[in-house]
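Heads up, there are several structures right after this.
Heads up, the next two complexes both have subunit A, just with different partners, subunit B and then subunit C.
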Partner chain A sequence: MFNLPTENIGGQELFVLEFGDIVNYFSPYTAALFAFALIFTALAIVSRPERQVDIAFGGDAYYAKEVDVDLLRFQRFMAIACGLATLGAMVSGDVFNFTLFASLVGITNIGIVAAYKNKHVLNAAFQYGIVAMLATVPLFGGAAIILASTGTLSMWELFADGVVVPIIAKAFLVIGVMGEGMAPFYVAKAEITRAQGAPFILMVHVSSLLLFLRVIEIVISM
Partner chain B sequence: MAIPPYTLGLLVAVAGLIIGFMAIVRERDDLHRILLTDLAEVLALVLIALVATDLAEALILPGLVVGISELMAVSEVYIAKEGLRKPPAKPAFRIEIMDSAPGILALILVAYGIVLSGFTGGVVAAVGAVFYFMCRDHAERFELIETVSGYAWAIWIGAFFIFMFLPGYWLFGVMMAGGAILLKVMAKMSLVGTMRGGSNV
Partner chain C sequence: MIPYLLFATFIGLLFHGIHRKVIARIQGRPGPPIWQEILHTLKFSFKETWIPKTASQTLFVAVVFVAIGIWSGALYVLLSGGSLLLLFGVYLLHKIVEHGMGLSSGSPYGKFGAIRSVISAASELPLFVTVIAIYLFTRSLSIADIVAYQEMYGPLLIVAFPAAVAMYLIILSKMHYGPFSIIEAKEIVSGNMTEHFGVWRAGLEVGYALKTYVLLYAFVLLFIGQLPLALMLLVMLLVLISLSFVCAITPMLSPYDTVTVQSLVTGALVIYIVILVVVMG
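Right after this comes the complex of A and B.
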């Protein structure tokens, strides 16, 4: 019934999940990304960093870190939510759904990086949040221009040969995803990696990496 | 040569975007930057709205929701960053009748509101709740209102599922939706009663 019209990068679809006219799909490429996101979501669920220790440099001593359990629980929740949003973005077969999932990843990333009491970290998280908010403009703008110029948002139609998507819309999509998934480039990261709940920071990296890989598949196939 | 309306709209939106982004670059005050960012996000909605089809109309709502939730997240970060949580404040004035009356009056109004149900009932019940919260200390019940409002929303959605999947039980669905709307309107309006100033406002 369904036939993915591109073999550029994604390969043929393996499995199709149909919600009305929104048709999610797993190709070998997106299935691999989905599996990655699934593994790291599972890691965020099972990791228990409540008893974090620091090694004293140059000796064999270590000291226990003081961990705020409430903040850590919030951070775990955000990390799991981020994983779920990433899962959605990986298999979405609709450009607008993809942009919504991407901005969801942006929101949860703000949540993960903001769960600290440190003033510098909060300051940086605020700046990052502003960028993530601004990034929704090109993200939704790109989707809107695609809709205006081709009349559809379904990737099944857009990936076909005859459909021409304006380069500006593609550029907007990429810029938007860059803004939403900017957390890994975020200056206070070194501070965060040493702070409590470091395993959950991993989710920030994984989600934005996977988002980049997926948006490149979309842009090349369109 | 006439310019197509879509192109014209796009030009206006792009001009607005340029102005908005320049303002954000020049602005130094963090609070003002949040507001300007929100303004720029509205232009994303304008870009969607320019398409002017039913589909675009359907896409505006999720776009708006995502924008607002990001705005709320950033605002929370701002509040935490600036340490703006206020210490509890004393109520402005205190008279004896404010201790005795609210319980009875609120009970009557809420009970009558439940009989009316729907929007009207919500408003009547809310008047009772507003009065109650204005007179009594509301610090902890604020959380309760949020919880009730959340449950009401879930019930409302549940009613929609009944309409969709079990249309035979429409009366049950109507009753559920009516009760939930009552709770929802009441919860929203009773927030007015907590505006006297206090630890949560």
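Right after this comes the complex of A and C.
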């Protein structure tokens, strides 16, 4: 046990997973987020997409869209990749790893809808891609400022008393994660939900919300 | 825990019934009996159940269990004095339930509800500010520590009044028939719940009842403190009735107006937090 120094925020440390000097940790909080990401990744693996019902313009007719198997496979692959990146971000004990996983989530989010052949969806994916890419500047900038000012990116060190992390670095981290899909930047991806494939589209939102929840724990703990 | 879960579900459903009754009386209608939502849930439990042919079947069913699961977990966190961040997390993850529920059916009405659910994501930001404000006073996010702080220094309702207002707005944004209930507006039938019938609807009613119980309980616990159960239920009821008054006299806002109102409140609270940080060092 490494004695997580922030028991009064995310709860007591339950389990650690060491990769050399990178030590991931499970507290009640991070374990709950990890479990939730795992559930929705499993759902993306086992679920088939819905057949969207659209109403024909100018009458009472409606039709149900068919499921494109090739599209399904690609969306499922990207949703699983997104789920794995989210799982990594949830228990990461290192700020740089967290930012890497966050940017990977942004990339896979675009991938989930990029193969869908609809002008509105592709436009939204393009706009969201720009926002997500711009957001990586404050995201990695925040991590860089933390490293420059404290000499470490390990959360185990940063969460300890006496280590002062500049508030601008915390703000950059939050803004960077918000750019991956939280309010108010989510408006860029509202049209993404037109795309078929609910279990995969849902991963876009699951990953964004979970990333936001994790970054809040990180900035409060530092 | 299971008896308490059943108790919380019963009280939550009863609160939903009282909510409808109060709104009806304010609007000059007789309204349904207060046990109507309990009867609804029982009725749905025994009705024919189906999954639409066009639905993503696994997801369609799974979101119902996720809804019950996360709010049962939230109740446990609240009663065991766990981390307030977990409660915040559950509140955000409820958005996924709303969204998944609407998208999974394939229905256009469900999809509109799901998209409105994404638009109303701004409602989570006041909760984030509330959490930070509470942390600045108590220096802990453990609910047990927050309760202990109030026993020593008095209710947070007085010293952190703007945070209490934000939390009140958060509960209001999740109330049925409220100004922010755009995801289940009647112009889109029942929004994201349109296709969930029978046992699935009964399950959702149970999850929503737990949600109402947890949010009201959390409000009283975080801003007034630990009270004996009977008194706690009474205060929760008073908070609920005040919410019902707001719902009865406020028309439903348009989707973009809900975002505007919630963003303005968040902006005001951020200024409050900045002032707190400066004053408290």
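By definition in this document, the second predicted complex is superposed on the first by the 191 of 222 C-alpha atoms of A that agree within 3 Å, B and C clash if a C-alpha of one lies under 4 Å from a C-alpha of the other, contacts with A are read in each partner's own complex, and residues count from 1 in each chain.
One rule holds for everything that comes next: a contact is a pair of C-beta atoms (placed from the backbone, for glycine too) under 8 Å apart; a residue touches a chain by one contact, two chains touch by 3 or more.
Fair warning: this is a prediction, and the values are worked out from it, not measured in the lab.
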Next item on the list: Kindly classify A:39 by the partners it touches after superposition: subunit B alone (first), subunit C alone (second), both, or neither?
Entry: second
Next item on the list: Examine A:218 and indicate which partner it touches, taking first as subunit B and second as subunit C; both and neither are also allowed.
Entry: neither
Note to self: Let me test your reading of the model: by the given contact rule, A:119 touches which partner, first (subunit B), second (subunit C), both or neither?
What the structure shows: first
Margin query: Going by the contact rule set out at the top, does A:148 touch subunit B (first), subunit C (second), both, or neither?
Written below: first
Checklist line | Partner chain(s) touched by A:134 [first = subunit B, second = subunit C, both, neither] | finding: first
Next item on the list: Could you let me know whether more residues of subunit A are touched by subunit B or by subunit C?
Entry: C
Next item on the list: Check whether A:64 is in contact with subunit B, with subunit C, with both or with neither, and answer first, second, both or neither.
Entry: second
Next item on the list: Using the touch definition from the top, say if A:110 reaches subunit B (first), subunit C (second), both or neither.
Entry: first
Check: For subunit A, which residues belong to both interfaces, subunit B and subunit C?
Finding: none
Check: Within the complex, which stretch of subunit C touches subunit A?
Finding: 53-60, 62, 66, 70, 73, 82-83, 85-86, 88-89, 92-93, 95-96, 99-100, 103-108, 111, 114-115, 118-119, 121-122, 124-125, 128, 131-132, 135, 139-142, 145, 259, 263
Next item on the list: Over in the complex, which subunit B residues touch subunit A? Could you list them?
Entry: 6, 17, 21, 24, 30, 33-34, 37-38, 40-41, 43-45, 47-48, 50-51, 53, 55-56, 59, 62-63, 66-67, 69-71, 73-74, 76-78, 80-81
Notebook entry, point to check: Can you name the residues of subunit A that touch subunit B in the complex?
Noted result: 96, 100, 103-104, 106-107, 110-111, 114, 119, 122-123, 125-126, 129-130, 132-134, 136-137, 139-141, 143-145, 147-148, 153
Check: What does subunit A use to touch subunit C in their complex?
Finding: 7-11, 28-29, 32-33, 36, 39-40, 43, 46-55, 64, 182-184, 186-187, 190, 193, 198-199, 201-202, 205-206, 209, 212-213, 216-217, 220
